[in-house]
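Below is one structure, written out as structure tokens, with a few remarks after it.
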């Protein structure tokens, strides 16, 4: 298979397949969760579920001072890595074009060299988190194969993307194809691993906040 | 025998899993931040006390029973189910090393209510026969005698007589159509009868129509702590029956954390119907009376005071402002504990830890957190609103040779009643 | 012109002075993308190089490659390079035809067996020999026969190198590149549709001076195909700054911004267009405002629309996502219902937990 | 004709700059320093650099023209000009069609192509000898 054929394969049928698995998978997972049901509380309400739910959905992104003090490393690295990931995925013009093709929406991007630098920063943050995961007793105990796997499938698109951008020693088509393939790996892994937190997090925060809201906890 | 227990526990765990649980378990990325929010971890450094780790048995059941891949791999015999040994191994983690304080639940960045899940794990472990002896015994006393400490009606009656002698007021018992029915925790009856006296004086002065039921005066609920909803429901039902029989408008939850959680938030769900009365916490009522101008206070405390929020009343119960309003009315020198309010650190004895002798050692280690906090703010007195917190803090202070008065907020308020 | 003369001798015979030769070498060095410091080495090698016999075969092609090569009609440097080889057979360019032409080919093969250079343009049909024949000989047979005595083969143009347009889907003639049929000879691919004239001559010069050049994975000389269009493109800084033309007539297009969004294949295309340029160095497609088509890459005709950005999917994934969403909801509801029934069963078979139940373990 | 003539065709010059001129000037600056200090020469193949028309114009206007301007006629015209920076030479080779086939910036005292070459001197000697031989001898 030539590099061009490889690129065509990943841009064509494989991308469609990955999209189907991603979209279908996410909805299956959401349905799976929602169908588990939740009993409505019979206790007299002191506040509204919605107010607490929405509040926690937003407020939980900002840690309190003590938590920041205690888990500062996790929080800073986590923030850098998540913001970096967001910038790289959604503000790189070639990526925006993918969304434009898929959903018809477009938005302005950032200069490519800023994306390039962000990729490196993001990878460094991810690396520090990986090292922390291996070195810290709590993280090491909690982590299983899945945690390392999702780290890898998240890091791979960044690494391959970096090389595709700089085309070091390999053909542009091949590296681009490998990059897209790594993204497809991420897409199909996404719904069925803890990467799903990207969407279940909103449900979790809602459920947690709804209880607080109902009890009038502020 | 143990396989029968395992089956029972497993079946219970299966019942426990709902949409929030599934969402929480799907969201966790093992970031480990909950460990740093948990005093059993910070004071021991033992990673096994990481809150989300305590949920592991529930997570396994969820994967096995309620995820597509889990059911598939179970059908193919690829995954191992939870074993009885595993459940037994988790007992010290969820009973001794967790006070259900809920601090992890407000720190978790993905928003997981981990405490909510640990509560469910306890259901499974208890049904499987892995609850600690002390809690089982307390629960047995609660069900059979009516109180986890074995306090019977004559004991209460004796205390009431003392109170009536001290105050010169009468304590209403079994008065039908009273507005309020007061519940008491065994500890208040046995250790802090001053509380009953304080309430009697305050209600007399504020002209609150109230009563105590001779049939259901116990506020605590061991069923909640051990995690057996069937038994917890039975204990709640006793209160509900008594309150509805006396036809009261309100039931007052006293200075006890989990008692408030049990009667206010879990109760109706345990018995499966809303109450015919409302539930208020004593602090809610006092602050309301103060606001209405019925509770008039005079004089200020000269000591520098702080307030320790009982977890179930504050962070998980929503009563955070009222105690501060009351304290500000009688003190100009009130300092907050670091994180006071929503992020307050637990004393270390809640959630049944204090009834569990197995946890005596770790309980005192966990107290180091409160001790170092107290070292930081240097106060003359600590006020709280939970007998269990008070007893444990007193014990912890004594253990560390610290002389610091630990006060009941209600009792303190009573001292400032205007003439 | 007699074969056997060195290039230096040939040029000198044309009255080219040493200065002229040095100028010629400077142009060649630049052409081969070598640093100016290697001028001396190029001059020395070129002076000593001997004129090889060259046989040029044209198969399924449009003659665009030959057109490209012969664009420059005067006594240009490119033409002089052609004076430095002995082009013994090229059926489009040679005066002889029919039997005489074939005789010339056979004679050249015979006289220089094992030493001549074979240049091929066009792809070879193998579905049916009848699709393309020369003097009654099928392309395939002629290639196999001529290749047998060649020192090396240069596949000029994308058709000879990769199959090109004749091999585009559905490839009715079963067109294949030279490399598919010949595996025992060094093959230099000089793709492009057509290749840049100076690149064709540059490759020949390189072969003359330094022998077989270093090739990339696609068999292309690294000197000309070592860098992508994108890397050498004067519009690259706009890509880096995130400045793109959104259409062919917008402000960005007028300002000469990057054409990535319009489907430019510069990033995946390896050729010298951005530096060697076309039409005697006038410009190249991107400079005239059109994205690169990637004509020097395999299958360039079959890689989706020329006007969709490289990073984008080639299929209608929006539609696929809608179906996937529907399917996901259905499956999710089904799986969810199964879970729900499972849980309901657990709840229905609930047996009250008694004091004795919880006492069991505590007793031990 | 009118309709066609009515279409206003506006050809804009390429105004784009790539930002590559400045690094190039820095490279020349460093090369000059080296040439001053140890006499090492340097040559830049301008055609191999990605430069826009505007860049070329900018480069021209910065370097300008100096004292020397030579024209070489061999296989087409070549223009060899010292820029306004002594030591930096601009060498442009064109083919017989006038198309530019090489464009260099040399840091040197004198571009080597301007110097007379040994083989040409040999040819020149022979040529001169022939010319001498062909002159009518005075002694005859």
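A, B, C and D label the chains in the order they appear, each numbered from 1.
The definition used in the following text is that contacts are C-beta pairs under 8 Å (C-beta built on N, C-alpha and C of every residue); 3 or more make two chains touch, one makes a residue touch a chain.
A quick note: this is a predicted structure, and the numbers were derived from the prediction, not measured.
Peer 1: Averaging the CA atoms per chain, pick out the one whose centre lands closest to the mean of every protein CA shown.
Peer 2: The chain sitting closest to the overall C-alpha centre is A.
Peer 1: So using the touch definition from the top, which pair is joined by more C-beta contacts, A-C or C-D?
Peer 2: Greater number of contacting C-beta pairs: A-C.
Peer 1: Using CA atom averages as chain centres, what separation in Å is found between subunit A and subunit C?
Peer 2: Comparing mean C-alpha positions, subunit C is 38 Å from subunit A.
Peer 1: In whole angstrom, what separates the CA-based centres of subunit A and subunit D?
Peer 2: That gives a centre separation of 56 Å.
Peer 1: Any idea how many Å lie between the Cα centroids of subunit B and subunit D?
Peer 2: Result: the chain centres lie 90 Å from each other.
Peer 1: Roughly how far is subunit C from subunit D, centre to centre by C-alpha average, rounded to an integer in Å?
Peer 2: Taking the mean C-alpha position of each chain, the two centres sit 32 Å apart.
Peer 1: Among the residues of subunit B, which ones contact at least 2 other chains?
Peer 2: Within subunit B, the residues that touch at least two other chains are 17, 66, 68.
Peer 1: Mind pulling the subunit C residues that touch 2 or more other chains?
Peer 2: Within subunit C, residues 335, 339, 343 contact more than one other chain.
Peer 1: Between which chains does touch occur?
Peer 2: Contacting pairs: A-B, A-C, B-C, C-D.
Peer 1: Using the touch rule from the top, collect the residues of subunit C that touch subunit D in their complex.
Peer 2: So the residues of subunit C in touch with subunit D come to 16-20, 22-24, 26-27, 29-31, 33, 35-37, 39, 72, 74-77, 80, 232-238, 254-257, 274-275, 280-281, 287.
Peer 1: Please output the residues of subunit B touching subunit A within their complex, sorted ascending.
Peer 2: 17-24, 26-33, 35-37, 41-42, 47-48, 50, 52-53, 66-69, 105, 107-113, 116, 264-269, 272-275, 278-279, 315-318, 320, 338-339, 342-343
Peer 1: Touching residues of subunit C toward subunit A in the complex: what are they?
Peer 2: Within the complex, subunit C touches subunit A at residues 162, 216-218, 228, 230-231, 239-242, 244, 260-261, 267-270, 297-300, 302-304, 308-315, 317-318, 320-321, 323-325, 327-329, 331-333, 335-337, 339-340, 343.
Peer 1: Spell out the part of subunit A that touches subunit C in their complex, as residue ranges.
Peer 2: 2-5, 7-8, 11-13, 15-16, 19-32, 34-37, 93-95, 97-98, 100-104, 109-114, 167, 171-173, 176, 180
Peer 1: Can you name the residues of subunit D that touch subunit C in the complex?
Peer 2: So the residues of subunit D in touch with subunit C come to 12, 14-20, 43-45, 47-52, 55, 72, 74-76, 78, 91, 93, 95-97, 99-102, 104, 112-113, 117-120, 123.
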